[in-house]
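Scroll down for the structure; my scribbles are underneath it.
Per-chain residue numbering starts at 1, and chain names A, B and C are given in the order in which the chains are listed.
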Amino acid sequence: MHHLIVDNVAKTYGETRALKGVSLAVEKGELFGLIGPDGAGKTTLLRSICTLLVPDSGSITVAGLDISRDVPAIRAILGYMPQRFSLYQDLSVAQNLRFFADLFQVPKHERPERLARLYHFSRLEPFKSRLAGNLSGGMKQKLALSCALIHTPEILVLDEPTFGVDPVSRQEFWEILHQIRAGGTTIVVSTAYMDEADQCDRIALFFEGEIAAMGSPAAVKGAFPYRVYRLSGTALQDLKTFLEGQPEVRGIQLFGDALHVSFSEKPSPETWREWARRGGFPGLRWEEISPSIEDVFLAHMAGETA
Amino acid sequence: MNEIAVQTQNLTRRFGKFTAVDRLTITVSRGEIFGFLGANGAGKTTAIRMLCGLLLPSEGEATVAGFDVYKSSEAIKKNIGYMSQRFSLYDDLTISENIDFFGGVYGLSPALIEERKEALIEQVGLGDFRKRLTRDLPLGFKQRLALGSAMLHDPPIIFLDEPTSGVDPRARREFWSIINELAAAGKTVFVTTHFMDEAEYCHRVSIMRAGKLIALDSPGKLKESYGRNNMQDVFVALVNDEDPRPEEQL
Amino acid sequence: MNPRRVAAISAKEFIHIIRDPRTLLIIFIMPVLLLMMFGYAFNLEIQDVRVAVIDDDNSALSRQLIERFEGSPFFTVFHYQGSREDLETLFLERDARAILSIPENFAATLIGKHPAGIQVIIDATDPNAATSINNYCRQIVTDFNAGLSGGAAMPFTLESNIWYNPEMRSAPFFVPGILALLLIMISALLTSITITREKESGTLEQILVSPIRPGEIIIGKVLPYILIAFLDGSMILILGVTVFKVPFVGSLFLLALLMALFVLTALSLGLILSTIASTQQVAMMLAFVLTLLPTLLLSGFIFPLASMPLPLQLISTIVPAKYFLVIVRGILLKGNTIAELLVQVLWLAGMSVVLLTISWRKFSTNLER
């Protein structure tokens, strides 16, 4: 059952075409990721889903409700966490939660149980009376998430929730999202960090207002047309220059102490030995690695996949 | 090639009773891309600020480009470039005006600014856009332009603060090819970030926790010795480790 | 001091100003708006005040008195026909702002050489206007008395001589005030905002890692605002002299010189604020409370300082606009020379030196506090 259906949605701001006909469908209880750089149109789409923006054309339905007709009904079942920290910095953690509970008219008798649950996974209970402005980046994000969950929404929309948060807090945040999803909530989340794609059930690669690829992270990576190798153990700059002249090579990226090279087809052991000899790279080591989402993204940008 | 660009010995900075940076000892060579990783509040910003001459250390020694951080902060400032993701260029200035400004702030002569401006605009590929406001530029261009502006005075050392977060992959790779070329030409590049995909591009990375250095090696070696596939996992393992390995082992 | 670095900062600042519609609005529209507001709306000159007359005497003398009121440009007189009980509705419905009541035996008493009382009731919801109305009424009655006794019988007459602004027009009074207000606004408010804005956006840190010195940042930032403040000051003065006919008897050069001094004082105030405040919002609040309000209320611009309680008078001694107002009014209306304004000049100069020293000390090119 599709919980969220986006059908051919377009939106233009002045000269900028933020969304150029985007279609996607999210299952109930799915963790769906919109992956793409800043300015790709992720925020515009998420705001449209949350009934904050009206698309120029196309339609969006959330739990069978149309975003242009059933605004109050959608808002009642949807939790939204905007990109920028949008809580009241001068209210305490508990006061922020209470405010949102009042806003969504959460019945008084249900509050203790819900708060206990939110405090449990966010681990914010010890900081209840601390002002939101004095929380660390990771804690702020968890508080914002808790506020978005106070009315137990069916669908949760998060716009770059891990932006600017340190790696440990990011990891923790994703674990919380997995817990929420396990409870049956549908989650749509956007991120500019390609390496977070693996955390999602399915992803859509977003670029310049369009979806470049969609599917499970493994399927999206599987569609990558080339073989990627990690080369190390020798003068990398020289190796890079040498390989740039080889016809099989589709792309080279220098990563500190290694070179990531994609080939149109898997080089044979003879080819490797031939290169090591001809280029004079005696210590050359190579291993095949799985392409990263970033590799896939680049291939799509260059139009190298169908 | 193996000259020392930055060297610190037990560099420490305290704010009141809080020790932000605790006996940091590192040596960074000329031409190296050196990553500075750490959770929020781990002390990396404080460490970088000391190296940039913005904060005085409480204890310990540090030299940047051969100059002492206590005595020669003016000389250090002439020898470093600084670029951050948070702020890079003035949005309401045109590309040309931004370059003029940075050249002026570093006291370059108008003729020299003009010459380097042309070279930079050429290099970034912004010839037709020089009179456009910077806010209208795509992020990737902005990033490269910011880097160029921060290096107008041709410093041997450059500090990058989360330089490519949010940039599209192509722009990011172009950016890092420039960084690699700079390093190959002998510039020393310091990168502070908490995005592990940026850490992958460094020659060596250092990881800080609670003001202390807890790991220092190449990304490849770190992944190997901790048995993880990516730097994100290495980082989480290291920082969550309640019992850090003794310092001799680092 | 490296002139190139100062020039780089100033040039950039100019571009910011030119590109920001809000700043331009404050700089160019605000002076005109303020002049219009004070010139046309906030008018202390009273005209055509409606006076209801109840003439119970209805004699030749009483009519003569009423004619005097009718002859005055300040009053528009009409006869009240309604009942005594409803008299208050005149004020409640704003039909009249004063009521002149002449008792039945007014003429008879006067002719009998006894003092005769008439009553004036004034609506004092606007106390300033009420005072003026009261004064005009007294003047008319005094003149009328003088006419009656043929001049000789009066023991003395009071003749007021008003100097420097004989027609008591408001323009010569409010133009210097607006001048002070605007110079403060541009110098203190805009300067403090421009520095805190860079703190907020993180751009200041980017500049601080360059070899620039604190003095270079301060001078570079302040130069454009000195120029703009001057431009605005000149604009107000020109409008004041041409449109609002403010007399200008003193030295233009001296006024320009002392305006520069005042701008310097205001700028150093702005600099201090910017070293204290970390966000634009805080800077704006501080600038409003610490510079704009005192300039408006405690400088003698609108309310005379002499009639204020001692604590407020003491506070007013550190309000720069207080001295500047004396200077501007003195030069414009009296043709004062530097010798006569020495006290004010010394106060302003002293304040500038103290404020600049403090902000110089506090503004360092690193992040140590």
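As a convention for this text, contacts are C-beta pairs under 8 Å (C-beta built on N, C-alpha and C of every residue); 3 or more make two chains touch, one makes a residue touch a chain.
Predicted, not measured: the structure shown is a model, and the values here were computed from it.
K.L.:
If I average the CA coordinates per chain, which chain comes out farthest from chain C?
P.N.:
Relative to chain C, the chain with the farthest C-alpha centre is A.
K.L.:
If you average the C-alpha positions per chain, which one ends up nearest the average over all of them?
P.N.:
Chain B is the most central one.
K.L.:
Could you work out how far the Cα centre of chain A sits from that of chain C, in whole Å?
P.N.:
Result: the chain centres lie 59 Å from each other.
K.L.:
Please tell me the distance, in whole Å, between the geometric centres of chain B and chain C computed from their C-alpha atoms.
P.N.:
Each chain's C-alpha centroid was found; their separation is 54 Å.
K.L.:
Approximately how many whole Å separate the CA-defined centres of chain A and chain B?
P.N.:
For chain A versus chain B, the centre distance works out to 26 Å.
K.L.:
Across the complex, what residues on chain B touch chain C?
P.N.:
Per the stated touch rule, the residues are 49, 52-56, 73-74, 77-78, 80, 82, 84, 86-88, 90, 92-93, 97, 100-109, 133, 159.
K.L.:
Which residues, counting only chain A, touch chain B once they are in their complex?
P.N.:
Those residues of chain A that touch chain B are 36-40, 136-138, 163-169, 171, 192-195, 207, 232, 237, 253-258, 294, 297-298, 301-302.
K.L.:
Can you list the chain C residues touching chain B in their complex?
P.N.:
It is residues 2, 4-5, 7-9, 11-12, 15-16, 19-20, 201-203, 205-212, 366-368 of chain C that touch chain B.
K.L.:
Help me check something: in the complex, which residues belonging to chain B touch chain A?
P.N.:
Residues of chain B touching chain A: 33, 38-42, 138-139, 165-173, 176-177, 180, 184, 194-197, 200-204, 218-221, 230, 232, 235-236, 239-240.
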